[in-house]
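The structure follows.
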Amino acid sequence: MEKKVWFYSFYERIWHWVQAIAVLVLIMSGFEISYAGNFSVTGFKVAVTLHNLAGVILVVNAFLALFYNLAGGLLKRYVPGLEDFFTLGIRHATYYIWGIFVGAPHPFDKTPEKRLLPLQKITYFMILNVLLPLMIVTGALKLSAEVNPAWVEYFGGLKLLGPIHRFGAWMFAAFLIVHVYMITTGHTIFSNLKAMVLGYEEVHLDDGKEG
Amino acid sequence: MNSRLTLIIVVLLVLAPAVWVISSADVETPAVAEAAAEVVAGDTAAVQTPPAEEGPSSLFPPLTLKSLEKAAEPRTPSIHPPVILMDEDMEPVIRSGRPLSLAATCGGCHNVDYIARNNYHSQVGLNELTPPGQAKSGRAWDVSPGMFGRWNPLTYRTLSPEGFDEIDMGTADWIMVMGPRHVGGGPAVTSRFTGRPLTETRADDPKNPDAFVLDPITRKPAAWNWQESGVMELNCLLCHVKDPNNAQRVAEIKKGRFGWASSATLLGSGVAERDGGEIKWSAKAFAEDGSVRPEYFRVSDPRSGNCRICHGSACRCSDPVIFENSLDNWGTETTGEIFSPDPVDRSGMNLKGKESLHLPWDVHAQRLLQCSNCHHSMNNPEYNEETGDERPGHLRFDARKLGFGEYLETPDHNLAKGHSAQGTVARAMDGSMRDCRDCHDAEARHDFLPYKKLHFQKLSCQTCHVQRVLAPARMSTDWTLLDSAGEPLVTHRGVRGRVNDPASIIDGYTPVLLMHEEDDGEYRLGPHNVITSWFWVEGDPERPVREADLKAAFLEKDGTYRPEYVRALDENGDGKLEENELRLGSAAKVEAIKKLLESAGVKAPRIKGEIQPYTLSHGVASGDYALHCCQCCHGKNSRAIQDVKLSDYAPGAAEPGPVTDARILLHGKIETGKDGKVYCTPTLDPGNLYLHGTQRVQWLDWIGILAVIGSFLGVAAHGTLRFASSRIKKAE
Amino acid sequence: MARKKIYMALLAVSLAGAALVLGCSEEVGPGRDDPWRGVTRYPDHTNHAHLYKADKFEDGPSVTMACLECHPQAADQVMATSHWNWLGDPETVPGHDKPVRIGKLNLINNFCISIEGNWPKCTKCHAGYGWKDASFDFSVKKNVDCLVCHDGSGLYDKGESGIPPKDVDLLAAAKSVRRPTRDNCGYCHFNGGGGNAVKHGDLDGSLAKPVERIDVHMGRLNLVCIDCHKTRDHKITGRMVSVSATNTNQVGCVSCHADKPHGNERLDGHTEALACQTCHLPEMAVKEATKVAWDWSTAGQDIGADDPHKYLKIKGSFIYAKNLRPEYFWFNGSLERYLKGDLIDPEKVTQINRPLGSIGDPNSKIWPFKVHRAKQPYDVKYKRLIVPKTVGKGGYWTDFDWIKAAELGGEASGLPFSGEFGFTETEMYWRLSHMIAPKERALQCVDCHGDSGGMDWKALGYDGDPAYVGGRSRKRVVSMAGGTDK
């Protein structure tokens, strides 16, 4: 007997994949801009246009999500508690370091209400509060040169903003690699991905786990 | 079930890169390269303008059509009233037969004193003299920022100061050497020491450069008779009549007949004729009252053809157009710029890829602009306009301008100028001209360009609109040796083979981008040519070794090489000097040449190198031919950081340094490469620039790269372990 | 659910906004000019190689009869055109009262002057067979020449009176028929005036396979004549100012191109006063020299040598020139026309077909023309241009006797000759439209304006160079702002 357990609403899935595409486009076009002359996929000018476009989409989408979560009162699920850093976090980490290899059961039940695991919470908290704002601010300032280059000068000029933005991009790329890998650590290799595509997971209900 | 899911995943993962790949059309091809692809096969015939009428053949009966005889073009009457040409005593020259005095002739109506004073073309530094050692150029021997007192390695000779040690160029020498490119007046009339006319110079002080010239044979001072030579007055005709005879003017100057220079300008027009060595006024050109008949003499505002006499290559020349590189063609020699409306593809020059160069030499020339449209008189009411800074905020237009009548009486002859690296004279006037942004609203165009405003803030317009110079320009001048013609060793960029040789292919050059201070105080990247010069200096304070001393040391009296000179340089011992031997490539050669110089009386000679940047502002291409390629600047091949070849070699391994009055940040290292050539490797550090794709902070980049690699390795290791453990479990 | 809709709407708005950003950053080009919309793409012509029953055609008319079996309308259609009749529709020629039909059949020019009396040589280029004198019957269908326009073998040829010489393989020609190419039109039109490049100045053999420098449409784009001279029922559009006088049935650049196509306000402004050709035809006779002057009065001298570009005993002295800058006149589409019998003033230059128009005529534009200047015989007593017989028995080219030639020509044309002749100067205008140069070679500002322009602005009716004094419709407005802030 299998049951569909809904994790992600339709909007959440659309949001996720829009954001995913935006980030991919940003990283690839950003790479092309940064290493212009070494290789060319779209050409420099198209890469710049794509990068600006994807950036705008990402920011707008991010604020839409903020509004969605604020309005739905869902924001707290992203805020790690103290226990996420210690007991739960350690238990979570131990699972990855040991349990997963010996076939230990997953230490946390992923439920629609508690869908973010402790380490996930911590990582997202850092990304949403440090990395993403850093990228948005430096990116938006750079984009503002289209309107008035003086603003850029006021905040240290491209000579400061450029390297910071670029460093953030590396961090994002590193996150992306780990993120993609972590998808495969669900119940089955594809169960997390499936959930983000279809919105639900099929859970075996043969042991009367559900009440 | 699983396969369907996999399919969906694959589709999703592929989606983003697919979009990426689909849009991968390269749009950055530069227009010139694109055009080069469409070479017209078998269509190389040059266009010839046919003769309007073929001359009748002697063999065949001629045509008798009257309608073929075109009416002679009526001459547009000059707006200028008839002119009585007068000598300095206000006598009509046609009666006195004496040299023309334009101060007397023009001074009746125009304030010639005002014109001479407000005229940097005439003053050329006379009103900006500095004590030796304090000139902005950084040279110990310079005494002004202008042609009179600022040494130029292209013309080489040094204006001798008061109390000179050895005379190189007395004031009369200066007129003979520099006069061909000087309009007269200023230092050619007035003594820099007394402020009195040079004709009042007294020869009692043996160290007075006004009174002596260099005797090239003895290399000693020789007295100069100003009464006999006269002075070279400000020559209004050079700029204000059509087709002045500059060749004859120069001939008079070279002969030391300065007083006749203005008169010689009219030779060939019918007003004056040469009779033996003398210049005679032709009666047929003069009316009863001594005025010139209007058909012989047409005064006008200066046209580009007048400016080209000294500045070079600005004309609508005969077809096919050929421009030559030489010091007579100063602008082109130093920069490769050609201010001509003619189409490049129909020129007579041996240009690489010529058939696809469908652009004029300069788009402004093609679109009817004259030099004076941008370089106008400062108080010309047609142009004079208070700028936003000067004009009170509530006034949209100030009617209180100079009237045309007043302007014609006191026209300011300080012509509006730009802010070039080489235009060192009258720096106070820098940026006074009508430059690109005064006429063009750049933001109304350039829609293709992301971050327009940022680009306009950091780049001069010329960076993209003078992206390539089509003609050759000088690269280096080496005065450490002389060639068999007694000339320095000169190299050019932009030409394969010898310059001016019709068989050489002219491929032009990509100018170097240098940070240049513009009149708004901003440093912008702009295109430049850099000319590097090497020369011997001696003494303390140092000064260049005189050309006469070089000749005495290296050449016999008949101009052939001295045997010692050949011995010092001849590497293969064949008794001849080949081109590759004629350079100071080894310490031994330097020592040998040094000895030669010392034997000619030069004290402790040493080699000095100097870099003079030349800002490119002419030879402007329209948008179609401007730089459109982003990666020309953004990316690893950025032209902003490309090595610039300064010279094919460094004589005596001397390292050249930039002049200090160019308003340029010559940012970067100057090094002799492994190939023995001298390069400048620019960096963008001094300017507040960040070129995406070109600049990076290396260590920050490495941290990022390591983070990505670390993540990848960690993930890979974890995954492998998981896989291995699951296999083990399965096996169990 | 409602909340989901709101989010979807917001997402849609943001994506639309992003698309707008992308859209705005796209380059806006001058791409509104889409000339290809004016060019018809035809299907391949049917292969006729195996359609003929006969294994040999004896003469031209028998080919025509074969054609008419399947194309019964064709002959009637051709016979309604000026290519057959050498006459246009009735038109009121400026300066004349009644509508007349004019054409090559009855007009005088200042080259070989007239076909009257000289039919066999001139009608070599008639789209028919057998026009050897005034008695030619224009109603015989079998005399229509299909092959001259439709031959694809390249071996078809016409002799005197348009009859193919014996050695022409008519079957091969018939098998090869196809849609007319430049070679077909060029067979006659490249050779106007009796030889390559003589007459037009913008039509010559170099257009058969032109490089783009010579003609951008035919060279770069490989267009053929009928791409522009669109043809329906054998009626070919376009008209030549040398054989017509009114402004109808024109072919123009704007049939395909936008009327302000430059994407540049300054250049588009020029279209008010200039025909496209004025700038885009910087030089005529780009490759082959064309005749610009002809002096009949020197003909008949035995100097022992002939040079077809300088002097022929039968014709007189010539001037040929190439790469020639055209002459410019206001033109509203109509022309004066000297008609046979019109009076002349022999002291003045007689205008054969002066273009009408002026700076004050809003329908006029400045056009480029080739002007052919000539000195030709006139009747001293009757004060009119002579129609001489040149070809054949008694013709000037045979006997070198102007009196006899004028008498015979007078009989043929119905213009009695007084017996006294002289030579008078004439000018004939040839409007230029072919040999359009690639845009890179079009005239630039300095080619007309400024110190080096060399245009006679006064003759065109301007006060001075319009770059400085303003054009005919432009008003210079004094700026009230006195310049903007820097």
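Each chain gets a letter, A, B and C, in the order it is written, and its residues are counted from 1.
Just so we're on the same page, contacts are C-beta pairs under 8 Å (C-beta built on N, C-alpha and C of every residue); 3 or more make two chains touch, one makes a residue touch a chain.
Because the structure is predicted, anything quoted here is derived from the model rather than measured.
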| item | value |
| --- | --- |
| Busiest interface, counted in C-beta pairs | A-B |
| Identity of the most central chain, Cα criterion | B |
| Maximum centroid distance from chain A, chain identifier (CA atoms) | C |
| Centroid distance [mean C-alpha coordinates] between chain C and chain B, Å | 50 |
| Distance from the mean Cα position of chain C to that of chain A, given in whole angstrom | 71 |
| Chain centre separation in whole Å, for chain B relative to chain A (CA means) | 57 |
| Multi-chain contact residues (two or more partners), chain A | 49, 52 |
| Sites on chain B at which at least two other chains make contact | 448, 450 |
| Where chain C touches two or more other chains, by residue | 25 |
| Residues on chain C engaged by chain B in the complex (per definition of touch) | 25, 27-28, 211-213, 283, 287, 293, 295, 297-298, 301, 303, 305, 307, 310-311, 316-324, 349, 373-375, 425, 427, 438, 440-441, 444-446, 449-452, 467, 480-483, 485-486 |
| Contact set on chain B toward chain A in their complex | 2, 5-6, 8-9, 12, 15-17, 19-21, 23-28, 448, 450-454, 457, 630-631, 634-638, 688-690, 692-697, 700-701, 703-705, 707-708, 710-712, 714-715, 718-719, 721-722, 725-726, 729 |
| Residue ranges of chain B in contact with chain C within the complex | 40-43, 45, 47-51, 53-54, 57, 59-68, 303, 316, 341, 343, 345, 358, 360, 365-368, 385, 387-389, 391, 396-398, 437-438, 447-448, 450 |
| In the complex, chain A residues that touch chain B | 17, 20-21, 24-25, 28, 33-38, 40-46, 48-50, 52, 96, 100-103, 145-149, 152-153, 157-159, 161-163, 166-167, 169-171, 173-175, 177-178, 181, 184, 190, 193-194, 197-198 |
